[in-house]
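Look for chain A in each of the two complexes below; its partner is chain B in the first and chain C in the second.
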Partner chain A sequence: MSERAQLLLPIADDELVLGWRNSEWTGIAPFLEEDVAFSSIAQNEIGHARALYQLVADELGTTADELAFDRAPEEYRCSQFAQLRLVPDWARTIARHYLYETADAKRIEALKASDDPEIAGLAAKIEREEAYHRMHAEMWFERLKDEPRFVDALEELRPLVDVRGELAADFAELWEEMTMVRRSVVGATW
Partner chain B sequence: MTEAEVWDALAEIPDPEIPVISLVDLGVVRGVEVDGGHVRVEFTPTFLGCPALEMMRDQMAAKVRELGAEPEVTVISDDSWSTDRITPEGREKLRAAGLAPPAPRRPGGPQLVQLQTGSFRCPYCGSTDTALENIFGPTPCRSLRYCNGCRQPFEQFKTI
Partner chain C sequence: MIVYEVFRQERKGQAFAHAGSVGAPDSSFAEAYAREQYGRRGESVALWVVPRDAVLEIDEFVDELQKNYHRVDGYPLKEKLKEARERAGTAAPSDR
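Now for the complex of A and B:
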């Protein structure tokens, strides 16, 4: 696999898996406005995953969907942090959201400086959307920063932000859910 | 066939999620090239997670076929589109439909303090005494605000 694919796949996997995890709050967020916000953020993250997979797919002669949903569990390179199933714990969910968006901002800045124009251009487009995710995360940080449950969650999750390699125990079930439809219909073309 | 004819045909396609405005008003059609019976159209999604991407691509291809040419529609995922590219006509159509047009993009991009304190105008009564309700809304490109002047919630197109 090319250097470019090795760079982009873990990021695409993070965005896909985090998008799925965030979408688990759709319909059950603490209040209606937050339901709208978190669902919208989830949609954006999955959109970023689609665009990143597409860049890799063009190079590997495959499709974004095949990369997203037709790989074996052990082929995913997402961080353990993104894989954790945190529903119904809102404090830990917001702690992950804040830590992820902070770390993601640095990663996008680095990609924007890439000498590969496709990567730099896509990263700049992603950044336009991520600015709103960070505003949302900052609002929640300000609101919860003195709450012991939130402070504990930040301490617990901070060391896990970029732990890769082994998959988290929660991943097996997520992979089943994410890939179920495509695996269930042999030869289907959507 | 001329490029102008293709642009006119594409201007008849409404945005799938905000049908008061066309794809051309929105500024997302980034280029049209006519080469004999072959027409190349480049367009970009407003947001990468736009669920209507394939639908828009198919509608543009169908329009080109109606003109009797073979379409090639390419999606570009770079940084070349901003809400600053929405045409003046498009902005007025948004406002008339109750959707406040986006504020101009400033260097460094949008900031939370600007959304919370800036003077965003209500599309119904024109008051700038409006408050941010939710950064996110029914589609990725919209925020929700509340007008203290006419006591109406309204949607604000995000600055991208």
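Now for the complex of A and C:
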């Protein structure tokens, strides 16, 4: 696999898995407006994953769908921290959201400076949406920053931001759910 | 939770129209939620987000003496326009 694919795949995997995890709040977020906002963020993340997978897929001669849903669990390179199932713990969910968006901002910034025009162009597009994700994460951070539960959650999750390689125990179940109805399943009619 | 009324402008220069409301704990949340619900599909070029308490509502209009001559419905313009058009020999815009 090329260096470029190795750079982009972990990011795409992070966005897909985190989008998936955040979407688990759809319908059960603390209140309706937040439900709409958080679901929309989750949807954006999955959209970013799709665009990143597409770049890699063009290069590897495969499709974004196959990269997203047809790999074996051990081939995913997402951060452990994105894999955790945090429903129904809102404090930890927001702590992860805040830590992720902060870390992601630096990563997107680096991609924007890439010599590869496709990568730089996509990063610039992604950044325009991420700006709102950060605004959302920061307003929650401001609101919860003195809450002991939130402070504990930040402490617990911060060391996990860049832990890759080994999959979290939660991932196997997520992978099953995520790939259960994938298009390549024999006999699928959707 | 504070209720914020949201007004949206569809195109530059157009009047803002009431779009709906969002509940939010403060104005920064209200901004985020208003963006999500009334702006993310490109349906607005601008939003006004106003705490409902800031809206001065007036819903009582006293007309004890029934001064209906203040109202335009006392003047049936339609008939007069039709007559005037006939005199001038021009059709109403919709008939053209």
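Here is the rule we go by: the second predicted complex is superposed on the first by the 183 of 190 C-alpha atoms of A that agree within 3 Å, B and C clash if a C-alpha of one lies under 4 Å from a C-alpha of the other, contacts with A are read in each partner's own complex, and residues count from 1 in each chain.
Simple rule for what comes next: contacts are C-beta pairs under 8 Å (C-beta built on N, C-alpha and C of every residue); 3 or more make two chains touch, one makes a residue touch a chain.
Computed from a predicted structure; not experimentally measured.
Peer 1: Following superposition onto chain A, is the placement of chain B relative to chain C best described as a clash or a fit?
Peer 2: clash
Peer 1: Going by the contact rule set out at the top, does A:174 touch chain B (first), chain C (second), both, or neither?
Peer 2: neither
Peer 1: Quick one: classify A:40 as touching chain B (first), chain C (second), both or neither.
Peer 2: both
Peer 1: With the two structures laid over each other on chain A, which partner does A:119 touch: chain B (first), chain C (second), both, or neither?
Peer 2: A:119 contacts neither chain B nor chain C.
Peer 1: Which of the two partners, first being chain B and second being chain C, lies in contact with A:154: first, second, both, or neither?
Peer 2: In the superposed model, A:154 contacts neither chain B nor chain C.
Peer 1: A:57 contacts which: chain B (first), chain C (second), both, neither?
Peer 2: neither
Peer 1: Given the touch rule stated above, what does A:137 touch, chain B (first), chain C (second), both, or neither?
Peer 2: In the superposition, A:137 touches no partner, neither chain B nor chain C.
Peer 1: With both complexes overlaid on chain A, does A:31 touch chain B (first), chain C (second), both or neither?
Peer 2: A:31: touches chain C, not chain B.
Peer 1: For A:91, using the defined touch cut-off, is the partner it touches chain B, chain C, both, or neither? Pick first, second, both or neither.
Peer 2: neither
Peer 1: In the superposed arrangement, what residues of chain A touch both chain B and chain C?
Peer 2: 33, 36-37, 40, 132, 135-136, 139
Peer 1: Using the touch definition up top, name the residues of chain B that touch chain A in the complex.
Peer 2: 45, 47-51, 77-82, 109-112, 115, 133-140, 144, 158, 160
Peer 1: Applying the document's contact rule, which stretches of chain A touch chain B when the two form their complex?
Peer 2: Touch list, chain A to chain B: 33, 36-37, 39-41, 43-48, 50-51, 54-55, 117-118, 121-122, 124-129, 131-132, 135-136, 138-139.
Peer 1: Please give the residue numbers of chain A that touch chain C in the complex, ascending.
Peer 2: 31-34, 36-37, 40, 132, 135-136, 139, 142-143
Peer 1: Applying the document's contact rule, which stretches of chain C touch chain A when the two form their complex?
Peer 2: 1, 22-26, 28-29, 31-33, 35-37, 40
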